[in-house]
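Okay, so subunit A shows up in both of these, paired with subunit B first and subunit C after.
And now, the complex of A and B:
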């Protein structure tokens, strides 16, 4: 889980063109100005490619914070 | 490749390119953000320092004005998002609403195309309702009809710089389910997958290469197992596979036909094969299914030399840059050798599975074509058309002379500063068959001669009632004195193969002599230098009355007094300005 979270933060930093240190703990679009809806779409695309999964519609609506993203992914990976 | 890998590599390559920025804009009514990095990387890998600017969401019309001054504009205009929810509400529109809507869209399409008519390159996807088929629509007849009509408008309004991409063909290669992702359509209006954008960027790349003058020009082909199945030196004329009756042979028949189509559209063909040349010639001349004939082949390098060396020679002889070359061979050894020695040449290996071979050729084709139907290209097509009209007429005349009389040939001669320098230099570079001395000159050489009183340059433009052949004949003459008598040396005398067989050369010579007579020239001196290609003119000077005074090692020297030349006017050629 921690490993997945680190990976998510790394992807997010790359998408936003920030360094990992610039991403606050449990970041969300509300507190990170650069994380707009377009960047979110690119993040989703990159997460799916990185973890080789395809989010369901319900999961997509729940991808609200870094912690939630990590949680949803780890659930998916343990179920698969 | 993953999206982030593309982004990272693109950032890296972007800092390395120093060439001037090539400004591309993508204007769209859907979200196409990932395409920015994908397209930039794809073009930057070709050395094009592309910088992609995305237009504002859903403001195609305004953006078509805003970005018109860019180097290239891509228009991705999705029918399903013309208005919010069109894909599901289209069918509920009243007849009146549909009509209004159709008119509005048509007007917008015309406006956008007009706004972008001076942009050097415009790539427009044609309209398609295919993406709405799967998840949402059942079969919305209106949307399909709307697209059909708008595509017609696109076709009618497109200028030569505006390339229409058949988006459905790209969708088909991936399949709708892999190309379209509706999950975030409602929220972000993104429709296409990463995989789609990758294929899309590759598909439109030839348009950029061509717009930047980097289209391929020449296709160099191996023979054995590339133009026919088997090895001619071993299997013989009967044994090689090239026919419509066996599966392997029919593929090679298809390949040759595809290549011939390319030739017809202006691709230069050359052969490069390790073989005895008479074996290959035998196939070309005698094989009943051979589609590609001598006329279509500019150069044949059939020998046992290394292929990289042969290709290099072709480049020099034709004066074509190596980066304009595409080379096809079945041997991995030859492909690797050429790749290593001449990295600028694009090489393709004939696929192991022959059934994939025709698709490879079709994939290569777009890399050759300049997309614009510029004036030159369209006259080229006209020229081909005119040529076929001429050919079909030829059988209805009793003799060649009857035919020539009926052609209505018109010759227009230019000299001195009225000659088209670029074309004249090109003629010396390209003409091989009807060329007495085969001297190659650059534009600078020609300019120097024009500035020099001891030279005179004549060229002609020929036309007939079927069309214009353009500037197709050239004579370069230098003057000096012998025994105090002015002497004219025919340094070059040549004619494009397009106009051979019409006795134009005699009339051209006749006109030149008139000019030389006015200059009080006394002696005429000329040469014939034999090359592998120009044997058809080896007795040209004899035919117009010149006298050989030396003939050795493939070089003939002639001399005659001008007033002894008994050359008559060709009665059926009208000389313009005479």
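And now, the complex of A and C:
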């Protein structure tokens, strides 16, 4: 789970053009000004590529914070 | 929530009322260039309260167009509008479109939740077989949204649309019910 979260943070930092250190532990679009809806969708596409998964519609609408993203990916990978 | 037709996690969809056409920001959204920038023909002409009422009257009993207002679940605030249009009951397809008009909601998950609910309505409630979407090729948002929800680009009308001084493509997207079901049963 921690490794997944680290990967999510790396991808997010890359998309937002920030360093990993600039991404707070509880990162969400509410906290990070640059995390807008387009960046969010690009992040989700990158996550699907990185982890070789396709999120369901239900999961897509749950990917609201770094913690939730890591949790959902972790659950998906453990089920596959 | 007021008369919800479909309920999401943070938003819900409901049928518009005459009161919405007369006394909400619905009509003003479609004169705002920031809202209409990537929309079709509605961005060229100003909208008025009177034309919004006419639109409401023309669609309220329509069987080939389902118009729904997008509302905040907590506050009931109107945040946008979505619709299934050109519903074809023989071939069972329709166009989907949505607008998150209130700026403070554009950053959040409202567009994704709305599309998720509209696909559920189209495929499971209305028994449609294909949902189509079309967007101007300069639109940075819609192709990404479509891709996330499994739409496939199926073609383009080249240099069809005038967009700020140049002619650009109209991109056609399509999602079949079988693809939608496969993806949502993936896990």
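In this section, the second predicted complex is superposed on the first by the 80 of 80 C-alpha atoms of A that agree within 3 Å, B and C clash if a C-alpha of one lies under 4 Å from a C-alpha of the other, contacts with A are read in each partner's own complex, and residues count from 1 in each chain.
In this text, a residue touches a chain if its C-beta (ideal position, glycine included) is under 8 Å from a C-beta of that chain, and two chains touch if they have at least 3 such contacts.
Given the structure is predicted, the values throughout are model-derived calculations rather than measurements.
A.B. asks: Is subunit A touched at more residues by subunit B or by subunit C?
C.D. replies: More residues of subunit A are touched by C.
A.B. asks: I'd like to know which partner A:42 touches here: subunit B for first, subunit C for second, both or neither.
C.D. replies: Touch status of A:42: both partners.
A.B. asks: Touching A:31, do we find subunit B (first), subunit C (second), both, or neither?
C.D. replies: In the superposed model, A:31 contacts neither subunit B nor subunit C.
A.B. asks: Go through the superposed model and pick first if A:60 touches only subunit B, second if only subunit C, both, or neither.
C.D. replies: both
A.B. asks: Regarding the shared-chain residue A:20, is it in contact with subunit B (first), subunit C (second), both, or neither?
C.D. replies: neither
A.B. asks: Have a look at where A:1 lands relative to subunit B and subunit C in the superposition and call it first, second, both or neither.
C.D. replies: After superposing on A, A:1 lies clear of both subunit B and subunit C.
A.B. asks: Of the two partner chains, subunit B (first) and subunit C (second), which one does A:11 touch, if any: first, second, both, or neither?
C.D. replies: Only subunit B is touched by A:11; subunit C is not.
A.B. asks: Taking the two structures together, which residues of subunit A meet both subunit B and subunit C?
C.D. replies: 37-38, 40-42, 44-45, 55, 57, 60
A.B. asks: What residues on subunit A touch subunit C, complex-wise?
C.D. replies: Those residues of subunit A that touch subunit C are 29, 35-38, 40-42, 44-45, 53-58, 60-62, 64, 76, 79-80.
A.B. asks: In their shared complex, at which residues does subunit B touch subunit A?
C.D. replies: 2-4, 7-8, 31, 33-34, 183-184, 187-188, 190, 194
A.B. asks: Which residues of subunit A touch subunit B in the complex?
C.D. replies: Answer in residue numbers: 11, 14-15, 37-38, 40-42, 44-46, 49-50, 55, 57, 60.
A.B. asks: Quick one: which bits of subunit C touch subunit A in the complex? Just the residue numbers, please.
C.D. replies: Residues 8-9, 106-109, 111-113, 116, 119-120, 140-141, 144-145, 147-150, 183-184, 186-187 of subunit C touch subunit A in their complex.
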